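Structure record follows, encoded as structure tokens.
Chain lettering (A, B, C and D) follows the sequence in which the chains are written, and residue indices restart at 1 in each chain.
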Amino acid sequence: MKNPFGKITTLEAVMEQFHDGMTLMFGGFGGVGSPPTLIEGILNKGIVDITLIGNDTGFPHIGIGKLVREERAKKVIASHIGSNPIAGQLMHTGKLEVEFSPQGILAERIRAGGVGLAAFFSDIGMDNELVSKNKPRFHLDGKDYLIETALTAEVAIVYAKKADEYGNLIYDKSARNTNPLVAMAGDITIAEVEEIVPLGSLDPDEIITPGVFVDFVIPSKGVNWKWAWE
Amino acid sequence: MGMGVEFRNQMAKRAAEEIQNGMVVNLGIGIPSLVPNHLAKETMVMFHAENGITGMGPSPAIGDEDENLCNAGGFPVTLTSGASYCDSAISFGMIRRGRVDITILGSLEVSQSGDLANWIVPGKKVPGMGGAMELAQKAKKVIVVMNHSDKYGNPKIVTSCTLPLTSAGCVDLIITELAVFMVTEEGLLLTELFTPYSLENVIEKTGCEFKVSENVREIPY
Amino acid sequence: MKNPFGKITTLEAVMEQFHDGMTLMFGGFGGVGSPPTLIEGILNKGIVDITLIGNDTGFPHIGIGKLVREERAKKVIASHIGSNPIAGQLMHTGKLEVEFSPQGILAERIRAGGVGLAAFFSDIGMDNELVSKNKPRFHLDGKDYLIETALTAEVAIVYAKKADEYGNLIYDKSARNTNPLVAMAGDITIAEVEEIVPLGSLDPDEIITPGVFVDFVIPSKGVNWKWAWE
Amino acid sequence: MGMGVEFRNQMAKRAAEEIQNGMVVNLGIGIPSLVPNHLAKETMVMFHAENGITGMGPSPAIGDEDENLCNAGGFPVTLTSGASYCDSAISFGMIRRGRVDITILGSLEVSQSGDLANWIVPGKKVPGMGGAMELAQKAKKVIVVMNHSDKYGNPKIVTSCTLPLTSAGCVDLIITELAVFMVTEEGLLLTELFTPYSLENVIEKTGCEFKVSENVREIPY
């Protein structure tokens, strides 16, 4: 494999991007589409005090849930932690701060960060204290809206089916989910992929995430967890 | 909750009646997931999942699961013809734009004015709202399918919800194992009874006043 | 061709969606990716006082420029009218109201309308009177932003390469441009396509616009203009 | 403007020096479009177009045009290996997110503090800003390539722009047929001269003060 853009690298080499106290955004939805090799690498590096941003906290042994289970996160911004009871326990004992965002609004906050917009108006959860607390409001055309702010992270990790040498990505089925959004929102974006293909192998019409947004590509060692339904 | 399969199927069957050809439908977990079993074969429906699937089909056979093809709960599904994938932002764009015709979901409580409380039990279970708020607020029609009473025998249809709301005034139709209610401007209207349950049974087990349709449809078990 | 969703129809049948005084959003960028058959149909129907929303006003004989040239529009919301001198003349003589929006902000306003968001924050053109005039501002985290409002339209018309019977769309090369955004922003969305294929013919991973957003599909009679470079 | 091809190529060649391997570059119309001709073959660059192309290649041969493969100006282009399409919103997302390394564009005027005025002549030409504002504000580096004087012989590099601004203080580098200026905190710094033009020639034709680098590079025509 050639490497004309210098983006193709190894797990070992990208580990220098991860450090204590960092903000880390991850792709995936209920563990599906979360990058197993990167998560294992972060786990093994032993970094702590992470602020995690992603759809949900996975399951205790699936996806980002592993980092939560090992108490590596000080805060998580997510729409749901129900599938990971450890997250709930840590929240109740004050070991984990949780900021809940409605799922579609969270996706838009990540996208807004990814496309360089600072905030947007939302009418979701206006009357719900957990959603609306401390959020500024704006009155427009006779209606009140919450100001929902964009989310970015120092590093974003995503899982894709294929990458070419420029980091152009395609995803596999519903493992796409939040990955294309997260891929745009990282100051540095690292893609873990099932297959790395030569430049020109991907149909330009089929590419979902342009390599413009991707800084590093590493090969996946494959999913290393048993699914909840297994 | 130990609710018999015949009750669950009866409720799912009734919910399926609401689905017309060509509709986009989002199903919650539990009883709503039984709804597709009760659709006529010729009805073309696109089942929508928050994680970015339009056109979900039934669960795969054991051994045929694809770890990258799952519903919003993380469980394996299949696709129907004409299905497509999108990212989660577009998936919720469909909901907020009013392109999801029906959402069928369970609930902890529903009030007589259609308030929905289905996401939180303070001090006990705070799992996060997931996509429930968007669906409740923005789906064109919100159908709640739930047991008439909780596991302690308390009514789940109430004057005013005691649990934190998912969304106020969003529910259009309530289907329980006893009866079907429309949410109207004037409160609840009982339109159907699942016999042998009687109106008296329903009144006894319901935590609020409701009106009764002039022509109550009786649906036998 | 079967038509299980009733979306496949004819130019004649969809013409009832167009009426005097309507808001009409169109896909395309410099004419590329604008639906020729629908534009011709609208032109022939003779409707007037249209509010047009789209990237630009094409060329006088290319794309939406034909409607502008024939003075069918009372207002246009666009990022650029330079390639259509007639639009400039009509603007200067007061026959055409033009609302300019920076190109990427216009694209986001259309997308916001398409995904059911009311407005977003922008820092583009803050100091430019044409951009910032009459727009509310909001101060967030030490910085001022313009509130840019979402755009929708009664009818959106798009041009795609293929549609299946559900209206799932794929686009051809750079003719994609604003089309996927416009497709979401119509209260009614009509796709003109080069080819209509049976349900199941499109790879679910490759579909760009899910048919959920598409109400009607008509076959294209092909591009009926000579390109500026020809 | 009747500017000779050798001038245009000299300016484009100098602009090309700014482009490093792996960069994402957006080129305006006119002289900037000549820049790719002056890049070393081994330099991997992704040329970005606002309408949704990353990885534009040269113009096609006459007869090989594809009406659905055009740049932001509506003119036919080709693709390089590794190219991709996206919608216009994502294309501008790349710009606003700071993923476009360089934009090279023409201008009507540039001020000594890097203000850019390249989109409007009041009362004469109001074509709309297109994507110029986003590119000027958000590209990591903004390079202006333009004639030193307008067609009436008036300087285009000025103390303060007379035309409405596209964006204030955004320009990093100015390349004309006479010289190259860096925009610094203290104003313009002349760093290069295209000989046989002299410093005196430049001073005479420039509408503002500027500093001169201690080591002016001379680039012969």
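Please note the rule applied: a residue touches a chain if its C-beta (ideal position, glycine included) is under 8 Å from a C-beta of that chain, and two chains touch if they have at least 3 such contacts.
Model, not experiment: these values are computed from the prediction.
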Item to check | Which of B-C and C-D has more C-beta pairs touching across its chains | outcome: C-D
Checklist entry - How far is the middle of subunit B from the middle of subunit C, if each middle is the mean of its Cα atoms, in Å? => result 36
Item to check | Cα-centroid distance, subunit A relative to subunit B, in whole angstrom | outcome: 29
Checklist outcome for this item: In whole angstrom, the CA-centroid distance of subunit A from subunit C equals 32
Item to check | Residue numbers of subunit D (touch at least two other chains) | outcome: 85-86, 89, 92-93, 95-96, 138
Item to check | In subunit C, residues with contacts to at least two other chains | outcome: 108, 115, 117, 123, 171-173, 176, 204-205
Checklist entry - What chain pairs are in touch here? => result A-B, A-C, A-D, B-C, C-D
Next on the checklist: With touch defined as at the start, can you tell me which subunit C residues reach subunit D in the complex?
Outcome noted: 29-33, 55-56, 59, 62, 78-83, 88, 91, 98, 100, 102-105, 107-108, 110-111, 123-125, 127-131, 171-181, 208, 223, 227-230
Next on the checklist: For a test of understanding, state which residues of subunit B touch subunit C in their complex under the given definition.
Outcome noted: 21-22, 24, 44, 46, 48, 54-55, 79, 81-86, 89-90, 92-100, 138
Next on the checklist: Which stretch or stretches of subunit B touch subunit A in the complex?
Outcome noted: 49-53, 65-76, 85-89, 91-93, 95-96, 120, 125-131, 133-134, 137-138, 164-168
Next on the checklist: Considering only the defined contacts, which subunit C positions touch subunit A in the complex?
Outcome noted: 108, 112, 115, 117-123, 136, 138, 140-141, 143, 145, 147, 149, 170-173, 176, 204-206
Checklist outcome for this item: Listed in rising order, the residues of subunit C that touch subunit B in the complex are 4-6, 114-117, 164-166, 168, 184, 199-200, 202, 204-205, 207, 210-213
